[in-house]
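This report concerns only the one structure given below.
Should a chain be cited, it is by its letter among A, B, C and D, assigned in written order, with residues numbered from 1 in that chain.
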Amino acid sequence: MKNTAILLINCPDRKGIVLAIARFLYEHGANIIHSDQHRDDALGLFFLRVEWALEDFDLDELTFREQFVPVAFQFAMSWKVEYCNKTPVIAIFVSNYLHCLVDLLHRHQTGELKCEIGLITSNHQSATSLAEYYGIPFYYLPVTAEIKPEVEIEQLELLARHSVDLIVLARYMQVLSAGFVTKYPEQIINVHHSFLPAFTGAKPYHAAFARGVKLIGSTSHYVTEILDEGPIIEQDVTRISHRDQLEDLIQKGRDLERVVLSRAVRWHLDHRILCYANKTVVFD
Amino acid sequence: MKNTAILLINCPDRKGIVLAIARFLYEHGANIIHSDQHRDDALGLFFLRVEWALEDFDLDELTFREQFVPVAFQFAMSWKVEYCNKTPVIAIFVSNYLHCLVDLLHRHQTGELKCEIGLITSNHQSATSLAEYYGIPFYYLPVTAEIKPEVEIEQLELLARHSVDLIVLARYMQVLSAGFVTKYPEQIINVHHSFLPAFTGAKPYHAAFARGVKLIGSTSHYVTEILDEGPIIEQDVTRISHRDQLEDLIQKGRDLERVVLSRAVRWHLDHRILCYANKTVVFD
Amino acid sequence: MKNTAILLINCPDRKGIVLAIARFLYEHGANIIHSDQHRDDALGLFFLRVEWALEDFDLDELTFREQFVPVAFQFAMSWKVEYCNKTPVIAIFVSNYLHCLVDLLHRHQTGELKCEIGLITSNHQSATSLAEYYGIPFYYLPVTAEIKPEVEIEQLELLARHSVDLIVLARYMQVLSAGFVTKYPEQIINVHHSFLPAFTGAKPYHAAFARGVKLIGSTSHYVTEILDEGPIIEQDVTRISHRDQLEDLIQKGRDLERVVLSRAVRWHLDHRILCYANKTVVFD
Amino acid sequence: MKNTAILLINCPDRKGIVLAIARFLYEHGANIIHSDQHRDDALGLFFLRVEWALEDFDLDELTFREQFVPVAFQFAMSWKVEYCNKTPVIAIFVSNYLHCLVDLLHRHQTGELKCEIGLITSNHQSATSLAEYYGIPFYYLPVTAEIKPEVEIEQLELLARHSVDLIVLARYMQVLSAGFVTKYPEQIINVHHSFLPAFTGAKPYHAAFARGVKLIGSTSHYVTEILDEGPIIEQDVTRISHRDQLEDLIQKGRDLERVVLSRAVRWHLDHRILCYANKTVVFD
């Protein structure tokens, strides 16, 4: 685990912001490792992500949160700081398609995803043996329209019990209620198997096939109360031709889904994503 | 100019089609240069494109059209044959953005597009000097809502006078009437500056910017009576990030538009495109 | 399993080939499902892949092999026929990096790869539990320069015992001897972690990083006696920037390797690849 | 023309650099518009590009160059500052293939390239009318091995007379001498029609075709004394198949060359490129 801290900032653009932050960090002994900033010209907003080594830094997380307040106040900043000295916990929700789950589990094992996988839950039993193989608690919670409210309560209890920081919907074929979603703002990542905003809703590969597109896509995004409308984190596409039948689209799409979802999860865990205006800034 | 002929076929799939065509061509001395076929499993349809050298072939175009009738009848074929011994004529419609026009003109000059550019017409005068430089007749026809019907009559007269086979809308910012479109079925190619079906209609780059997509696209398609709904010929995308402002999308998009439109025009001129079910088969 | 047969042909181009084959197949009751052909203009060669349903076909594999001889002789064809009524067996060779293995195992499980995985062998023990989880025989055969000849004999015995049709080197970090390779011509597929012919040999990501390329690639190819020089089956690339350090290249490259290797394996199993002049024709 | 200045810095990484620069700029009234930095972990180097509005800035270019010296000295910086209040002048060298030239001229006309095209020179006469159409001085300088030294002297005189800041080799098929190259360090951009370091030297499409690659590429780079070995600025690739004959590679490659070269020129003109260790940092 890296012994660093990350500060994310979002505020109206004006002179002196960079100087104020550079001075604050320097005076407390920070050795800046990465820094990236962005300006939205149209909205006049300034965004910053800065990461520094904690080695010689003289503020712990609590003290930072106190002492940074005047700087933040002066520039009307929205901000958050993350000390990377505790491992974030993720939960994976899955249904019957397991390719994204297999992918996430292997990436986690190779160290690509810096987190603990606290639990896997599914409305099917197909992932049971995989979860067992990787030694991760698995909860089988079948869902029907009638019992969905109760299931969500169970799910929320599981998330709380495992102190989950991020929920990954790895081809989970159930729609979460607005009540559920609002409990985890910008903490639920979904993969939708189309190039959003094309082909929202169910069966996007069928719709893409019917429309005769020449590329199919996949999109990872934060989940909001409006289905398929949350801030897009990552998208990718692959070429198809008239030779590709529906099952070929589904198969080629699986490769996209895995890549697009895993990138989103990694970037989230690296605190590289900042949301505003229903969009994302993904710092490099 | 290649001295070849091309046969395009679309019929219900059954045994013996390939044999019947192979025999017909062989018996008349055809040397097959390319042949490509496709089966739509879901619809049970068979598609074929075959190109042969005319050197030793003993049927001229008229005789072919007569003698092939029994074969076509036996298999209930939709078919067309093209003898590549006359140069097709295209018309380019353009407004104020000239990048696609410049591109097509240069590709034509280098021999990439096997056609004659019969005329350029525009509702603006900005293309005048380019047309002059390349020695192509230019017609300036300003359009307003009131005079659009008359303008379309003028355009149709121009197309007839120049014996135009294909109309290329190279960022022509006017919508053609249904009456106009039906006169040139599968003979009008448009480029839409989005990854259709996302962002139909006006100002797709603005819409893409607002939605926060991570890729922008471009689509070339045949024009039908329903705007942006015709059979897609080609699509391509390019990556953008939060750093790209609206003007960056527009600039990056120009490179897509040129490539996507010119491919569609080239494939059409090579008789490689076959439409069915509002989709295209693009033979390699 | 599909009940079909596939014929692959490679011969000098001349009139009548398509007719001869179409007639032969038709007369024996074949219902052609796919057919694809290619001409190498420079070399004057003709290539064909045709797949038909065996349902009404009146020749079994042995009889086909006899009766097709005169047709093949007439046109001086190199040819092979494959009746898809037995499952091909593959062996996976792996070292310490397991991402390609994990990927192949999952694709096999989802039915994407139509084969039996007869065995996994490795010079390390890291894949033991994965092999066990998927229920595949695993052979741990450590290799040093001194004992390599004996190890290869053991490997060859294993391959024979399991009737292996295809060997997949899924990041196997040992070079196979020429003697070994010649026993499995066009039956060994390797993935090289660079865009060949750039960065042949060891440590291609290091070399790519040092050269400052803006894209990294991956290549799957048949193994021949000359290292990294066999016929290329598939390649893909991904964008990197100055921000990507060596470990980022390695991580991004893993996603390429998996995709590029699995495509090659699938196409080989589908009998879609034809080699000539140290190149491949990959029929769609 | 934007009324901004750009500072590019390259120095050993240590605490306080960002603060020192932020303070210096703030104290002189700079409104920072863009700022991007990079750390090469392996080499311990720090890179920065910062752009600010000159509106309220109280230092002119000369005074900046004096007053910044102590800051630069303190951190052992290599640095350069560019005040964007004069238009840079470029020269385009071309031979018989004009697609890159056509592309650059049109991009210049649409405002995509912020520069003056001071001159076009060629060892052929094919570009004469294009230069005339766009109103750019054209110099026809035929080259043979014997007279090459004299031609280079003429070229250098032309460059001096037109105060050229950047030389663009837009498919110029002559190798410039080391003597010539060293006069314009990091000021000559070439496009090589392969994915370097694959297929260096002459006829890369022929070599790619012979090797049977599945993707072809294009590379723009700064020219150094060693042919095809200079720092890579941009690369891109496109997919080909066995169906693509040599002429198809050449045609598809043209689209890559145009895009890859024009991006490099634009980034250079925006002072976004920083070279070190024979690589480039291209700030976003």
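In this section, a contact is a pair of C-beta atoms (placed from the backbone, for glycine too) under 8 Å apart; a residue touches a chain by one contact, two chains touch by 3 or more.
Quick caveat, the model's predicted, so the values are computed rather than measured.
Looking at which of B-C and A-B shares more C-beta pairs in contact, the answer is the pair A-B. Listed candidates were A-D, B-D or C-D; the one reproducing the A-C interface, defined as more than half of contact pairs identical by residue number, is B-D. Averaging Cα coordinates per chain places chain A and chain B 42 Å apart.
Chain B and chain C, compared by their mean Cα positions, are separated by 37 Å.
For chain B, the set of residues that touch two or more other chains comprises 241, 243, 284.
Across the complex, chain A is touched by residues 98-99, 102, 106, 110, 112, 129, 133, 241, 243, 251, 254-255, 259, 284 of chain C. Within the complex formed with chain A, the residues of chain B that make contact are 38, 41-42, 195-199, 211-215, 217, 231-237, 241-243, 245-246, 277-282.
Only residues 15-16, 18-19, 22-23, 25-26, 29-37, 39, 239, 284 of chain D touch chain A when the two sit together in their complex.
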